[in-house]
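In what comes next, chain A is part of two complexes: it sits with chain B in the first one and with chain C in the second one.
Here is the complex of A and B:
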């Protein structure tokens, strides 16, 4: 039995190595070759530094670099500070499960949909401006200010925060479940420390190591994001990742070589930022220790914490308004400035799926279901293999799984496409499914592995002692008990698949039009009513999956109170 | 039926010292032999070794023999050695009756016969009418009796008891202990009990081994 477990594990590992690590390696290799002048497809055969010289000479390169660093690191620092302050002020006043439910819509809605919604809100002709005009502002027509695509990247940072703060809140919430927070809070308050001070001095230092990897993922994401940066970020010059995407997609094939050099730069940027962050961690830890040793009771920190909480509440409100705004636009027929609501409503857009959204919806749904089913099967095979070999977590394997989340997509996706082209497979649905799998599988694995491993082994021992074979233990005991976390993992995976932009764009060679690729394409300048429909659908699909993941177990297992959350989440 | 251990030891990998010195003993049918010892000495690991539940990283030497048959290298599900834990561990997703049906031996055929066997076991445990109940709604004593019935329905050839009475208060403890030991002796099943409690050992009536 153990040997079969080992075989299962080895099989999954081989699949991961062959399916994920090797192709990423290939992709990076092709990118590397192109960055140094070798790309036979466009007649470049000679090793040279010319692509790098060309890159530095490209207009706006230095600005792109600076923008990327400021928006990426800035939004991550802000998101972490706000989430920490919010938890310090609010934790214990909101139940963990209520908190998680509250966060669901923000976690489910894809970045692009929220970003489009935020753009609708804060644009010069956006909802906010309409609500305060002309009675407050005196604007008779939309003002000439760049509140979206601003040169500082402020709108981009705002769009990232709306999505990243809820994510960090969720991660912190689940880390708190592993700590004796209540006792420590009591112990600290008995010594005269305020709630916020106990939080910052005692609890956060224990939480941080548990959320370090997710923070790095947020940082890497913020530095390399493309879709949000296209929708909200500066456009000329844009952030580096957007610039690279443009150069790669340009009809001028000579740009591919410097683009590859830039893709490597992007990778170095992420590595450098993570190293910088790790250095910052030490500085903060040292300063924090000095602060702790001074023994100040820290009641003066409370106003800061409440400010952070108020900002988080404002962000959540903004996110919600963004989603509502999308829905309103999709139903509007005439919505002239400066009315607060549409003047005339219409279902015309919704009644005409043949206008394009019908096909995109079906395709997105199909891709999502296929990638999620595949990722679930792989994750369960991996975890079951561990169980049968009676082994715990393999750290090196975990690092391999998370690799696609940390390496910037742009760094290997183009090279990957070149590699696929070389073997004659490109631009089809299978290539897109496979590319999405690189990102869906890690998230499914992250969501499923903790609850799976937390399952009381004695339940399985009991089942085995009653004569149940490993297969029966899996089907009759493990899977039903883990139904809720399995469905949650599936919903997360589905949400990731729906939201993926760059992998779909590159491996689909621009011919696979999902809700996300269409929404991003249409977001620049097109009809808000049409964009609204795509963005609403894009947000609704994952949300439906999340709701199903909550409702189904509650229905199927409604008479089993030990399964309601306690064992599940 | 009897359960025999021959020079059984368990060694954590990376260590040369076994958790306990080689253990040889015979549990005669219907008797309850008690294993005592301080926490962390490896009592539960011993039961894991006998039942086939050892985690990766433990090496087992010696032999486990059940009715003259060497089961040392069989997987847990083929050994027919039942186990009872402290918290009675009912499967939380199944009703009380389905928990018992999960245990019920495959030798009982037919829906009606299987249902009748489960109902009869519920009656014996004083749980008449509990077939469709959520196990989470049972009291500690009811859960312990249901878990014992579930184990017995699988027709085990030996039983391992991992402090199954520790979670119960003293009055209930005596009652459940008597209930379990009566069933064990009635059916002639050899049983090995791990406990901290000298009263448990006394009530078990069999040999007492200190690890």
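Here is the complex of A and C:
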């Protein structure tokens, strides 16, 4: 049985190696060649450092680099601080499952949709300004302020925070499920520490190692995000990832060479930032230790925590208003400045699915279901293999699985496309499913592996003692007990699939038009009403998946009171 | 004597025509059942709807389906063809037809990435003036030579809201004073976008001492001399632009949205009918109007081209030919459909087709052809590249 388990794991590993590492390696190789002057298609045959010289000479390169670092690291630090402060102040006052339900819309809504909504909220002519003009502000015309596309990237950081704080809150919540929080809180309070102090001094140091990987993923994402940065970020020059996308798609094809060099720079940037972060962790740990040993009871920390909570609440209010604003736009015919609500309403967009959203909806749904089913099957095969081989998690395997989330997409997607074409599998649905799998599978693994490994082994021992085969143990014990986490993982995977932009664009050769690719394309146009329809659908699909993940187990297991999330959360 | 010279000439003319009709039948036969992936900028809903309509028509008539691949930037399609060439995929490529002109066309033609020449083989090319100096024969001074087929006319115009602006500036030079009087109410798309670059070109043509040098490729010396007044003008204009000229909209659609939101007072477009169309769509206020600088404005033609490795090039040729059908062009020029001006030569149309054009409806924001003033020639493509680069060098920090 152990050997069969090993075989299962080896099978999944081979699939991962062939399906993830090899193609990414190919992609990076093609990018690397182009970065050093070799791209025969545009007549570049000679190894040289010229692309790098050209890159450094491109106007605004240094500023792009600086902007990327500030917005990427800044938004991640802020998101972590805010999420921690919020949990410290609120944890125990809101139940974990209620909290998870509260976060669902934010996790489900794709980055691009939220960003478009936020842009409409905070723009000089945005919803907030409209609601207070001209009666309060005296603005007859939108004010001359740079509230989006500002040169410091503040709007971009805000847009990232709206999405990342809920994500970090969720991972902190699920990490808390693995710790004896109540007992430690009681012990801390008995010793005279304030709630917040117990949280920061006792609980957070235990939580952080559990959420380290998600934090890195957030960091890598914030450094290399393209769609949000186009919608909210500075434009002259933009962040590096946007600049690279622009250079790749410039009519001047010679720019592909420095763009490839920049894509490698982007990769180095992410690695460097993660290294920097790891260094920062040590400094914080050393300082924290001294703070801890001083033994202050820390009641003065409370106002800071409540400020963080208020900010988080404001962020979530902003996110909600952004989605509501888009939903209103999808129902508007004209909504001119400075009206707080549309002047004329219309269902025209919604009544015409043939204008494009009908097809995109069906395709997005199909892609999401296919990739999620595949990712779930792979993840369960991997975890079951682990169980049967009686082996714990392997760190190197985790690194392999999460690699696609850490390597910047732009660094390998162009090269990957070339590699795919060389094999003769040009853009189409299968290529897109595979490309999405690179990103869906890691998230499904993140969501599923902890609950799976936390499963009470005594149940399985009992089943084995009653003569159940490993397959029967899986089907009759594990899967029913793990129904809730499995469905949650499926919902997360589905949400990721719906939101993916660059992989769908590159490997679909632009022919695979999903809600997200259409929404980002349309956000470069002028019709917010159509963008509103796509964004609403884009947010509604994953939301429906999350709701199903909550409702189905509750229905199926309504007479199994001990399964109500206790094992899954 | 006379007969003996005329006869061979007639024969020489007649033979290709005969060959053409049989060739075209072969193309039609091969095209039946194909699906043409038309890569076209997808930021405009009306253009998208028109392309959908084209697909329905060609499917019904010739059994050729059209699938629009919506691009945020035409260069995406160029990059895709280059990636395919890099991978050695010289047949069965994923791009069948591209809405293209200017720098993208020049780049693809120069690198041999285009199928053709095919335009002369299209039966409906007979309605187009293809003489060497005609608008449809030169694309940003690059000779078309049959590698792309025209389908709609583009002319640079400004859009303003007549409810907020009484008198728009009459010349580009006048923009400086106007912006000083209305700080923050004017902007232009980023010059890395073709519309932003066109704004600079329009100003260059007006301000440069000798516009004829713009028709030749730019050299370091000619560029420096020709653009000196442009940069002086721009330095005076920029402090009074929207956001003090520190940031710019990504493209003209975003700029039009800003006009609709009241953030700015003047937007620009390459389609004289787009303002009337946008009003009808609820995307601009009823009071929006079009104006053109006193000396006229830049005009060019939008083309469709077929990549060298297109999988469905026969179907793509059928679509290109259908786009030149007089009935199609009249439908396209209808303000309730697309409102783009036709590329056909009115003198070559029969009475019925001319009547179809004459019967098209009008709209208050739709300028008459006469109001658009003279059409200025696009400078050689190298000027646009250099303008974008030089602008970035000066103003991107």
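The rule is short, and it goes like this: the second predicted complex is superposed on the first by the 568 of 569 C-alpha atoms of A that agree within 3 Å, B and C clash if a C-alpha of one lies under 4 Å from a C-alpha of the other, contacts with A are read in each partner's own complex, and residues count from 1 in each chain.
Here is the rule we go by: a residue touches a chain if its C-beta (ideal position, glycine included) is under 8 Å from a C-beta of that chain, and two chains touch if they have at least 3 such contacts.
Worth saying up front: this structure is predicted, and the values here are computed from it rather than measured.
**Student:** Looking at the overlay on chain A, is there a clash between chain B and chain C, or do the two fit?
**Tutor:** fit
**Student:** Touch check for A:336: first (chain B), second (chain C), both, or neither?
**Tutor:** Only chain C is touched by A:336; chain B is not.
**Student:** Which holds for A:241: it touches chain B only (first), chain C only (second), both, or neither?
**Tutor:** Touch status of A:241: no partner.
**Student:** Should A:418 be classified as contacting the first partner (chain B), the second (chain C), both, or neither?
**Tutor:** After superposing on A, A:418 lies in contact with chain C but is clear of chain B.
**Student:** According to the stated criteria, A:40 is in contact with first (chain B), second (chain C), both, or neither; which is it?
**Tutor:** A:40: touches chain C, not chain B.
**Student:** Which partner, chain B or chain C, touches the larger number of chain A residues?
**Tutor:** C
**Student:** Could you tell me if A:144 is touching chain B, chain C, both of them or neither one (first, second, both, neither)?
**Tutor:** After superposition on chain A, A:144 lies in contact with chain C alone.
**Student:** So, does A:344 touch the first partner chain B, the second partner chain C, both, or neither?
**Tutor:** A:344 sits against chain C, while chain B stays out of touch.
**Student:** Considering only touches as defined above, state whether A:531 meets chain B (first), chain C (second), both or neither.
**Tutor:** Neither chain B nor chain C is touched by A:531.
**Student:** Just how close are chain B and chain C at their nearest CA atoms in the overlay, in Å?
**Tutor:** Taking the overlay as described at the top, chain B lies 47 Å from chain C at its nearest C-alpha.
**Student:** Residues of chain A that sit at the chain B interface in one complex and at the chain C interface in the other, please.
**Tutor:** Of chain A, no residue contacts chain B in one complex and chain C in the other.
**Student:** How about chain A: which of its residues touch chain B in the complex?
**Tutor:** 1-2, 389-392, 456-459, 461-470, 473, 476-477, 480-481, 483, 557, 559-563, 567
**Student:** Which residues of chain A touch chain C in their complex?
**Tutor:** Of all residues in chain A, those touching chain C are 30, 39-43, 58-60, 63, 123-125, 141-142, 144, 146, 149-151, 230, 234-237, 246, 248-253, 256, 333-334, 336-338, 344, 346, 355-356, 414, 417-422, 424, 426-427, 509-511, 513, 518, 520-522, 524-530.
**Student:** Which residues of chain C touch chain A once you look at their complex with the stated criterion?
**Tutor:** It comes out as residues 37, 39, 42-45, 48-49, 67, 69-80, 82-89, 92, 94-95, 102-104, 107, 111, 183-185, 190, 192, 242-243, 246-251, 253-254, 256-258, 260-263, 278, 281-283, 285, 385, 389, 392-393, 395-397.
**Student:** Can you list the chain B residues touching chain A in their complex?
**Tutor:** Those in contact with chain A are residues 48, 51-56, 75-83, 85, 89, 91-95, 102-103, 105-106, 134-137, 150-151, 154, 156, 160.
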